[in-house]
Amino acid sequence: MNWLLDLTPDEWNAVRLSIKVATVAMVASLPPGILIALVLARGQFWGKALLNGLVHLPLILPPVVIGYLLLLSFGRRGPVGAFLAERFGIVFSFRWTGAALACAVMGFPLMVRAIRLSIEAVDRRIEAAAGTLGANPLWVFGTITLPLILPGLITGAILSFAKAMGEFGATITFVSNIPNETQTLPSAIYTFTQVPGGDAGALRLTLISIAISMAALVASEVLARRVGRRMDIE
Amino acid sequence: AHADDRLIVFAAASMKNALDAVNTACAADVGEAATISYAASSALAKQIEGGAPADVFISADLDWMNYLSDKKLTKPGSEVKLLGNQIVLVAPKDSTVEARIEKGFDLAGLIGDGRLAMGDFKAVPAGKYGKAALESLGVWSSVQGKLAQAENVRAALKLVSTSEAALGIVYATDAHAEPGVKVIGTFPQDSHPPIVYPVAQMTDSKDKDAPAFLKCLQSAKAGELFKAQGFTVLTPSN
Amino acid sequence: MTVVVDIRHRLGDFEVDACFESAGRLTALFGPSGSGKTTLINMIAGLIRPDKGRIEADGRVLVDTDAGLFVPKHKRRIGMVFQDARLFPHMSVASNLRYGRWFTPSAERYADIDAVVDLLGIGPLLDRRPASLSGGEKQRVAIGRALLASPKLLLMDEPLASLDDARKAEILPYIERLRDETKIPIVYVSHSISEVARLASDVVVLAQGKVAACGPTGAIMQRPDLLPAEERGEGGAVLDAAVLRHDDVFGMTVLGSVAGEIRVPLLAVPVGAPMRIRIRARDVMIATEQPRGLSALNILPGTILTIAPGEGPAVEIGIDCNGATVLARITEQSRQTLKLRLGREVYAVVKTVSFDRRI
Amino acid sequence: MTVVVDIRHRLGDFEVDACFESAGRLTALFGPSGSGKTTLINMIAGLIRPDKGRIEADGRVLVDTDAGLFVPKHKRRIGMVFQDARLFPHMSVASNLRYGRWFTPSAERYADIDAVVDLLGIGPLLDRRPASLSGGEKQRVAIGRALLASPKLLLMDEPLASLDDARKAEILPYIERLRDETKIPIVYVSHSISEVARLASDVVVLAQGKVAACGPTGAIMQRPDLLPAEERGEGGAVLDAAVLRHDDVFGMTVLGSVAGEIRVPLLAVPVGAPMRIRIRARDVMIATEQPRGLSALNILPGTILTIAPGEGPAVEIGIDCNGATVLARITEQSRQTLKLRLGREVYAVVKTVSFDRRI
Amino acid sequence: MNWLLDLTPDEWNAVRLSIKVATVAMVASLPPGILIALVLARGQFWGKALLNGLVHLPLILPPVVIGYLLLLSFGRRGPVGAFLAERFGIVFSFRWTGAALACAVMGFPLMVRAIRLSIEAVDRRIEAAAGTLGANPLWVFGTITLPLILPGLITGAILSFAKAMGEFGATITFVSNIPNETQTLPSAIYTFTQVPGGDAGALRLTLISIAISMAALVASEVLARRVGRRMDIE
């Protein structure tokens, strides 16, 4: 145990940073994730296939390629990056925010798919019943649909979180590997694997990463079970 | 055809352009074109350790070759220091930075608010050489907080060519071929351990063409092709 | 308070083409399974957008396809009780009940939660989840949920179909009160004649998506040809009456109607209150002379006005009792034996216990 | 052919503790909403594992917690019709119907698909998906699906609750045929007395999870105290009779019973066939002298055997008609007026049209 | 277009190989995916959390680590690999089968999660109804559960396929980057990014990869819509 937790300050920082990045990535992708899942599950519009494809890109392409694409668009000189930096002072390059962005993007298809699946399983007649009681579509969504898709939201969130804990290729390509700022656990692990004899260090960090993710998983399961027990099937 | 009856070469990814050309040129001499698997030296070394059917391994640094020879996985006597390289300081091509690389030069000032991109100095060979050079020039401590360590030297180059990083330390071979960057200076050969690409045949290798391939790698025509990509040839051409 | 429906809509092979207007306080949509009752009421609720036509309720145009008007369901202020309860599975019974209240301006809330809970006997269920309720319990909660939204128009799609008779009898008076005491028009889907006869002021008879007949309940109930064969015995006269007095000794209430005094089991209604009574044709006997020594208490003299063949051995005989028509269903054999002809003076005989309030 | 149930089971606050044995061909589980009917039938079907007890059907032990025996539901060869149809949403109606046949050895298939489809009037629906069916249509398909599994025990949980009367009347004869012609015992959940009276050979009355009474239908129906207040008028005598002759001219069938001849609307039953007839107490009048000039055709002489207070203004009078007891429900006022006492000779008067076959 | 399709034989092989690997990975993971999803959705047993964690490992850990773990266990010298090779003649190391294994493992958590979500949404009362009609649990599963979870299966399969098309880290670490045998599209793309002037080649292969995955996505959407239309909500 001592051996496991006897980390260097940089490693501790990597642990902290990874949790922060994964949490922010998960939380920040929830609103757009729900929105896009909703649109994909229920919308009927031209370009739906395109949107769907776009959402899946991070899954389809090697992470390094996604990292380059992020660099090209959200980097200091990238069109989006330059615009955001100028107008809102939001800078991604070499910041932990950039790591969170990369993780969010990589986890996005997983989250959207899970939420979409839940939305498609919702009995729309129940929503209709809420509508007749005077709830406008937004209220129906908030009070009926959202609670009913909670299992999907939890699944989507945990997938996104887990993915963020393991994401490496896109992150290091986009924001490199700066201790204390962008060096997440996977980057630290990677470094160890590239050094002859680094296996023990890699193993230690790997175990810590597993422990954190497992805790998140178990928490999500417990949460989902609670939600499920509350709902059952009617 | 099964992988095992081919001549299989594991090579560091950064050698692809040069090695592909050499492979074509050598095919006639060797009898067949080798099948080359390009990946990070670290991955390749561990794969060989894990029983990969490689006949020849070309590493981007000595450490991983030593890792294998320590485990008696390289054929004794087959190991050769094949190529050398240089590391250079690069900047985005529209950068106005100018400098002479010498002891105590103001690298931190040149970087300014920006970052110095280089390979991960613990993991990536080019990063290790870069760190050694900066240390011997006495500027390491002043730039340590301004590093952007990349997964590999190509990624570091990308950071510079997209102007994410103000400066970068990369191989001369990469810098020459990248139009998005300009070379500010070359680190002195003596500021870092020699950059060496060793090659060896594997203990388990049974392919009869392997020696011929090793020989051809060291031939003059191969040397020309390596030089064309910016490598220095360390073996005396016969 | 009028409901005006004139729509045309196609669903697969099935076409609804219905046009009716009802100024009644409770309009029943009556028809056999698959006749389009649910489809029609869904269009009033705004759950289905009709291909073509117009729907108006209480002076408000809800749909007018010509004008491109379609009021979305949540703006209709309509309370709907579905055939399947459709409770919110993730909420407790109490939250289900309160749901509609959020969306009702407090000035317009006329339904009281405690009263509704008491009435429907769902007090013990408040903390439960819908999943653990029995079929009847679910439906009662669904009725409560709709009522508590304080709607301006109440739509009920066979709300009592899955309730047992004791519960039906408990809930019916509340629906009657809703009908009589509030200004909310009600549209009520049912395939039970007795429910319709008891509750409806107006009836729309549907058959295969079309309106087969439409009019005041009394008129429709007198026309057995409009009713499904199996249900005809349930038809009969619907008379307006008023409470004359209560006979507490024998537990009876005496009603006055143009046809004469009618004794029914005691009603908890004040003297003078108007009442509607249905005299089922199957419960009426005809006597050619004043019966003696017979337990039946209601004996109404009258003149035979109509004789129409009924189903099977039956004939339907209309008796004009001082202006009101009482319908009797007897056998053709009796008609011949008793030599009943138009214009003959006879007595309509009805037992008091025939007038139970059951559905 | 016996169904033996002796179980104890707890569901949240609700406890079922039921013990009954029925050798009847159709055993009705009768009780108000929430009395545990569905819970009980689910235990017979194998959907709920009782905490403790024993269930036996047709000689087969299905559950015996003491012996650790629990036959899984798919091995029980039980056809179940659920309160909610539970059709398979991804299959057409035809596939839903055929589903159970796969699992029935062909030698044991007694249900014919065409006959069942015809009977239930679902021919036009065969290619449709359950989602587009109306409530009644769904339930008819569900009944068909259970029948076509050729079960050895048929369980029906209020199968007719969502059907209109015309459909009920169409389906009831088939259930009767099933009951009479095959050897399949049926357990039938209902909260409708008329359904129970018509169909059941035996009745188990449930109240709050306990068995309140249990016995042959005739006996239960004669005891209004067992029936819910609102339903008591539906109770009455159940007499065994046989078809004496048909009167084609007037469309009537004359039945012979110990109480005398009884005329009912024409039945499609051969002469000599045994029949069960129910004379609802509310349909029976009492006359102290032979009525004359009255349209009622059935006049049965007898002696007053019992007088029991009924609900409201009513008294229930049992008349011994030559050994059979006919129950009459009249007002207390009439009893006093007519001076009815035990032992008095009277006439029970019943209209022919009272004997419709409606439920 | 010509420029796009003017591939070297090795690149063509990479395209073919990627499709083969992704398809095999997807198909081969379906049975265990369904099984484990079922167990996780419905089972109540000790160690469920552990199993759940294990399934998620490939998501949580950097792909390189998964690659090493595969190398250590399924490699020629690894315990499982040696056993399988000896007893069944199944060899993963440095074969395309190994690439398929790596892709299957990496896509497994995505597939299991999607299927599990669908299973949890199935109305068990419908299954009970099938049971009373005489169907044993296996039949119920095949005729009721499986058709009802088809949307989840399709989602899971397409996630697995898409992941396989983009998987790189674990594959190159486990089975290296041998043309014609283990060089999938992502590996080929990687190789291009590692040399000067390789960007055009990388872009070309990236576009091809996107095109293939989009085609698969669209096909899956069409399929899912058909299935959905067939089912609707009851």
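Remarks
By letter and in written order, the chains are A, B, C, D and E; residue numbering begins at 1 in each of them.
Note that in this section a residue touches a chain if its C-beta (ideal position, glycine included) is under 8 Å from a C-beta of that chain, and two chains touch if they have at least 3 such contacts.
Only a predicted model underlies this, so the values are computations on that prediction, with no experimental measurement involved.
Traced through touching neighbours, the fewest hops from chain A to chain D number 2. Greatest centre-to-centre distance from chain D is found for B, with centres as Cα means. Inter-chain spacing, taken between the CA centroids of chain A and chain B, is 35 Å. Chain centres here are Cα means. That of chain B falls 90 Å from that of chain C. Distance between chain centres (mean CA atoms), chain C to chain E: 60 Å. Chain C and chain D, compared by their mean Cα positions, are separated by 26 Å. Counting partners per residue, chain C has 84, 132 as the residues that reach two or more other chains.
Within chain A, the positions touching two or more other chains are listed as 64, 68, 125, 169, 190, 193, 233.
In chain B, no residue touches two or more other chains.
Applying the touch definition to all chain combinations yields A-B, A-C, A-E, B-E, C-D, D-E.
Against chain E, the residues of chain B that register as touching in their complex are 1, 3, 8, 10, 13-14, 16-17, 35-39, 43-44, 46-47, 50-53, 152, 154, 173-174, 176-178.
On the side of chain A, the complex with chain C involves touching residues 125-126, 128-137, 139-140, 143-144, 147-148, 230-234. Considering their complex, residues 11-12, 32-34, 38, 83-84, 128, 132, 134-137, 140, 158, 161-169, 191-193, 228-231, 233-234, 247, 250-252, 263, 265-266, 282-283, 285-289, 291-297, 312-314, 328-335, 338, 349, 351-354, 356, 358 of chain C touch chain D.
Contact residues of chain D toward chain E in the complex are 45-47, 72-80, 82, 84, 86-91, 99-100, 102-104, 129-132, 145-146, 149. Those residues of chain E whose C-beta lies close enough to touch chain B in the complex are 64, 67-68, 71-72, 75-78, 93-95, 172-173, 176-183, 187, 190-191, 193-198.
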